[in-house]
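Given below, in the form of structure tokens, are the structures.
Here subunit A shows up in two complexes: once beside subunit B, once beside subunit C.
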Partner chain A sequence: MDKDRFEITPKQLVFLVVGSEVATGILSLPRVLSAEAGHYAWLAVILGVTVPVLSIYFIVSLYKDFSEPDFIKVSQLLFGRFLGFVIVVLFSAYIVFFQSIVIRIFAEITKTFLLPRTPIFVILFLILFSVYYAVSKGAKTVARLNEILFWILLVDLLVIIILIPQGDWTAFLPLNELNVTGLLKGAKESFYSYAGIEFLFVAYVMVNRKEKILKAAFTGQLIVLLLYLMVVVVSLLILGPKSLQYLIWPVLDLLSVRQIAVLERLEIVFLVFWLGIGARPVLNLNLASAYSICRLLKLDNRKYYIWVTLLVVLAIYIIALIPDNLVVVFKLADFAGSMFLLISLGLPVLCHIVKFFRKGRIGYEKAS
Partner chain B sequence: MFIFGKKKKDKDKEKNLSKAALPAESAYKLPLKLEEKMELIQPYLIKNDDMVGRPFCLGGEHEIKGYVIHLEGMIDNISLQQDVLRSLMFYACGEELNKRGTDYLIDHIYKNCLNVSQIEKVYNLDNLLQAVFDGFVILIFDGISEALKIDIRKTDRRGIEEPDLERALRGAKEGFVENVIVNTALVRRRLRDTNLVIEKLIIGRRTRTDVVLMYIEDIADPEIVINVRDKLNRIDMDGILGTEYIEQLIEDHHYTPFPQFKTTERPDKVMMELLEGRIVIMADGSPDALIIPSVFNSFLQASEDYIERPVISFYNRLFRYLAFILAVSLPALYIALLSFNPELIPVQLLITLAQGRDKVPFPVVLEVMIQEVIIQLVIETGLRLPVPMGQTIGVVAGIVLGQAAITAGLASPAIIIIIAVTTISTFALPNSTLVMASRIVRIFMILMAAAFGIFGFSVGWFLLLTHLISLESMGVPYFSPYAPMRYPDLKDSILRGFISKMTKRPVSIPGQNPVRKRETDG
Partner chain C sequence: MKKHLSLSLLFFVLLFVCGCWDAQDIEDFNVPLIAAYDLAKENGKEVRVTVLYPDVAQRNKELIEPVEGKTVGDTRSKRGTRFPSTLLLGHIQLALYGEKLAYQGLYSFIDNYVRNPRIKKSLYMAVVKGGSYEFLKEVHQNNQYLGFELPKVFSSKKKNQFFAITTLYDFAHAVTTTGKNPVLPVLSADKRKNYKIDGTAIFKKDKMIAIADMNETVPLILLRGIERCCGHIPFIITKEGKQIDKGTVEIASQRKVYVERKGDKFIFHIKLKINGRLVEHYTSERFLIKDANYIREVEKAVEEQIKRDCQKLILKMKEEWGVDCIDISRFALAKWRRELEDVIEDEDFIRNADIKVDAKVNIDCWGSGS
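Entry: the complex of A and B
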């Protein structure tokens, strides 16, 4: 069963990486970045990509030496049974917390734009029900879903390219006024938009051709970078760094800029696939945490996987309902962002250090 | 009808009973004397009036008595009289044979006397009775233990016609019939490959239906063949109706409206599927061949797609996909836009729609549901009625109901158009099960959209996609080549590439021999 439902190909990993990172964050990304970096927001996106790239490299080089590159096995080998257990639990808890925030923001946007009179708990329920349905089918289904959603959403996002001719290229000028501290702050903000790469920690073991993981993950990361760049550049072109600050989700406003014949407004195309955009990272990371918990407690995937998934989804549901308003949510999101840095960079580096010092004393390493 | 929902316990019981009925006889040989044999068979002759027999004697002075038993109407009477009885009564000489012993006699009759092609010896009562009920002619003789079973079965069958459900403008006009032997011959005639394997199985403890498993040995994936054969052998049921039953008994996912195996009545289609490495199951009693495995994509393809020019086929397929999308989502989209997000509709259109609706007392959902229910009833009625009456219903439903509903203020003109377009789209789908499935999914979408607007619609499609992706047909991902992406197969998805360029078999279907056509020719 493990092999059946939890095996993915490197090609699918590309889409999983994209799917884990690109979410509703992309809608507010231009505003967040240009608030700090001004018209150099596009540079901030490029600087920010260093974090996930390092993270991918560390994770892959960590697992490479293990014959069983399973997150749970490896962390228990490195840190001992108890500490390893704690780390996996913390990791899963972080995912649940992080995804609750993502889902909550997603639900808030939905409420604002689509269902102003529907209570938030109903919207959350709808989203999480869909997520549960997909995740309970296993990694294969999730991977395939990522694959097809990627193509659908690519069309969705590329729609804004048609706005480029209307843009004002002077928005990138002047070139010499580079505010270094602002840029660095912007880069820090853009780190957070790459959250989701920690999915690779768990997904590594599921990929069937391990030697291609590094390339696949980097390809996925490159696609994410290009998507972000495109969105930021077009936003700057059309709206400019100043007016971006007045829009909470500038990308959605971009869509209503241009009138299209017949459809009149582009948003409809975007909104039809709305759920796919927002729910994708939750899908992937929910899978990761449910799978980890199953492995950690040595539960039979066939029997207990769907129940563990249900529990994780319920936990996300409850935590997502706790914050009172959007301000609190954004504060929590900032906190979750720093957690992301800790998990995606700190954990692999820690693992590497421990591995370095305990070399030779760990049993299951590959004979190289 | 069979009680197919029976508990497993009952099944086992029944199995034991049927085994217990004839334990002693089946183990032993048939008795030598004709009278003793007749005694064993007599109860069945008395009970079944269509089971007939007559005594006869072999020709010559020393008469050897014999008896012939068969079912009425199942065999070719002329052949029985001329090829069997005549040769036995006139040309088989009893006296000479008597001297050489009975062992020689049965071989002599078997080899020299009967000029029918299919003949077999039967050694025990169990097989003998089964052979009679299978429709064979049975010959028993005095003084010889073995019986002979002769195949001169003849059943009335309908002629080979063009299948109603799969008409094609161009291409072959032949369709399968209910007789499996005729059907296999139709396929064999088109596919003379020595590697085409046709395995015969008997399924159904009581109906003993002939089921045929067909595949090309060096193309089809052996794993799937073994899997299918296993599943077929595991069917332990009193009776099956045909391939429709088999389909439901071997499928992996029961809780889905979507068909997991494609059926076809066209031998040319079966041939093409076999060449792509699929496995075909046919059963006596139904003209549908079951194609294993099938993917969602193939349900939206018609056989003339490969006959027409590629561009035309692409155009047609595009419309079939559009039809599926419209059939599933048009009413839902209408509800979502009109009652939740009117700002997304162009203003002019919105005004027209609103003007049409201002006399209608219902909310949009109810309006849609009323029309949907009416259409469903019309379809249900039309399906069962004979053609002349069906036309009347069509007129009444189409013109009277539609026009009257608008005049009475129960529906807006827009909704009539929406429902009409949806219904037409539904029937543009080439597969009848998919037609039914799309009707059910449509209701789900309508409810989602009615409750949560365009977001509900989005959720509905997400769930539908997830569902389709999670399905598998005999281990093959149902939604390939789209998810998982099988890039080489995309040339035969919505697109239909040039036949001269389709050099490889589809990778979605596991198989052994990928090359279909050499690059150099054509």
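Entry: the complex of A and C
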């Protein structure tokens, strides 16, 4: 591994976890959750987080026994050369597909709220060009960028707290009429917003103090949970579960319900920062994808990493242009959410099962 | 080679700068401050949209442009054929709706606002007695700065008057939420062509069903429990049927609602906690610092007056309007949502409910006069 460009600290991992998950999903999260779970949408947020939490635990416990916890090497050790190769290719393909959806939704929001006359392909190009530039500099740059953007995001999202006194607490009541099926469906809907933690599969090897990874990843996940909870709670308070269904991106509408002195239009302030924040998952997962492909094909990172990154960005760009409209994009996002379940939970569980059965026969294990 | 590649990429990026598509010269626009909606006169099916905007070319001049069309969007394209300017809708401060249109229902006429992210959800809404175009035309003759002045009536957080202040968000939220109904302030022009707030429009979802006059507006606002609502209330103190003093208090009210049920009967207890200060009283013989009972008498007089007005309004709401215009249904929903969700908006629910009001007035500030 090229340590100068790819080594990150556990603290940076916290920001990378937040950056990989919090993006376009948060803007529609209150609507999609309350459509299924009604006024229990906040509970669906808590239920939904169990998937990334389990995923973190499984990934960290999988890697801790390997002397070189590299995703490609571990995959090939566990599944053999061919199957390992296929798994890494599928993983990278999933990332490209998922990030195409994320970036397309990001572009749609930018088009709707900021640049209505600019064609989608131009918006996508401009965003992905910046993404490419940042990713080509390596994990260290991406991690630092995530750290800066995290603080901006925090300020950006915390402004919605000022709406709380205006809220209607009866929107949360009663608490004794829970519809379990609706709640489970709501939790499923949250998967798209929690997707991104699978980044840890690749990022694990980049972190310099491995013993702190679990704590760092859980801290990042807790921050994500708190941010999602805050957004969903304030949305329910201000708009209520029924009104939320009338708005595609209710969080942005939420910001425009009250005129603030000096700033006047809060949503405009949000959107200005949003341009940086919304593309973070693409940055992080693009890095994961390009890094994995380089390692898989045994290419020299110093020479070929930027070209592989360019190819990945191009693939994301082309796939992002395919959906005809927002309805198709949301359907694909729903599908991507289900894929997330398979990749983030299914893959580590499968790895653990294989590891259990092949114990003692894997050469790179610390224990052996 | 690398340098050339970077430069050509940079050039390519510059070609795609978003300004190429979205750049617009601000001088090509006019910025409407007020938009007014009416049913078009001819057939009642078309809409007439009037905008009031300050003219960029002629300083200190506001223009009023009415255009009729099949839909709101249609009026926009027709406006283009009649007037040279393009309208920038992001700065509309106030939307006015004619009385007839309000009776027909307003949701179709706010959808264009809800849908357009450039329009702020905090814009104010009001109903106009008669037609809103006629109102604008008439009042504007007397007030050349109406576009700047009228929205300020709503935005300058009035602390000396009770009337409804409703934003686009408030209206849309009430229309789309079970158990809620919006109210809008009513504007009218007097004989001298001055505008005034003349009551409150009562809505059943998006359709106006009645107009409450200004006397009914005060208890309505108090009963709705609008956040930190405050204003001046005159009082009269009587003894053995004889008026012994009168004056004014400035009050701020907070509402608490408790709901219980006995079988199928829902009983709402509304508690108004009112704090205030004595603004004036007319009798010069009574000294407040010497007469311990005096302030209690004022408080009692205000309490009784508020209770009386509130009960009168509740009676009218139950018997005449048949709609929850005081925003209490949500408290019943908070307890029995699943059971009531489908029936709470039926007229019978509010007609059969038992609504009790209690007011507690505390005048803790008397000013510096003794």
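What we mean here is this: the second predicted complex is superposed on the first by the 366 of 368 C-alpha atoms of A that agree within 3 Å, B and C clash if a C-alpha of one lies under 4 Å from a C-alpha of the other, contacts with A are read in each partner's own complex, and residues count from 1 in each chain.
Just so it is clear, contacts are C-beta pairs under 8 Å (C-beta built on N, C-alpha and C of every residue); 3 or more make two chains touch, one makes a residue touch a chain.
Keep in mind the model is a prediction, meaning the values are calculated, not measured.
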item	value
Touching partner for A:D168 - first (subunit B), second (subunit C), both, neither	second
Subunit B versus subunit C as contact partner of A:K137, first or second or both or neither	first
Touched partner set for A:E147, first subunit B, second subunit C, both or neither	first
Touched partner set for A:L252, first subunit B, second subunit C, both or neither	second
Touching partner for A:K11 - first (subunit B), second (subunit C), both, neither	first
Subunit B versus subunit C as contact partner of A:W274, first or second or both or neither	first
Partner chain in contact with A:V60 - subunit B first, subunit C second, else both or neither	neither
First (subunit B), second (subunit C), both or neither touched by A:K242	second
Partner chain in contact with A:P119 - subunit B first, subunit C second, else both or neither	second
Subunit B/subunit C common contact set on subunit A	114-115, 118, 123, 126, 265, 267
Partner subunit C, residues of subunit A touching it in the complex	39, 112-119, 122-123, 125-126, 129, 165-166, 168, 170, 173-174, 177, 238-240, 242-243, 245-247, 252-253, 256-259, 265, 267
Residues of subunit C that touch subunit A when the two form their complex	9, 13, 16, 18, 20-22, 114, 117, 120-122, 155, 167, 169, 172-173, 176-178, 227, 330-331, 333-338
Complex interface listing, subunit A residues touching subunit B	9, 11-12, 110, 114-115, 118, 123, 126-127, 130, 133-134, 137, 141, 143-145, 147-149, 262-265, 267-268, 271-276, 279
Residues of subunit B that touch subunit A when the two form their complex	340-341, 343-347, 452-459, 461-463, 465-467, 469-470, 477, 479, 482-485
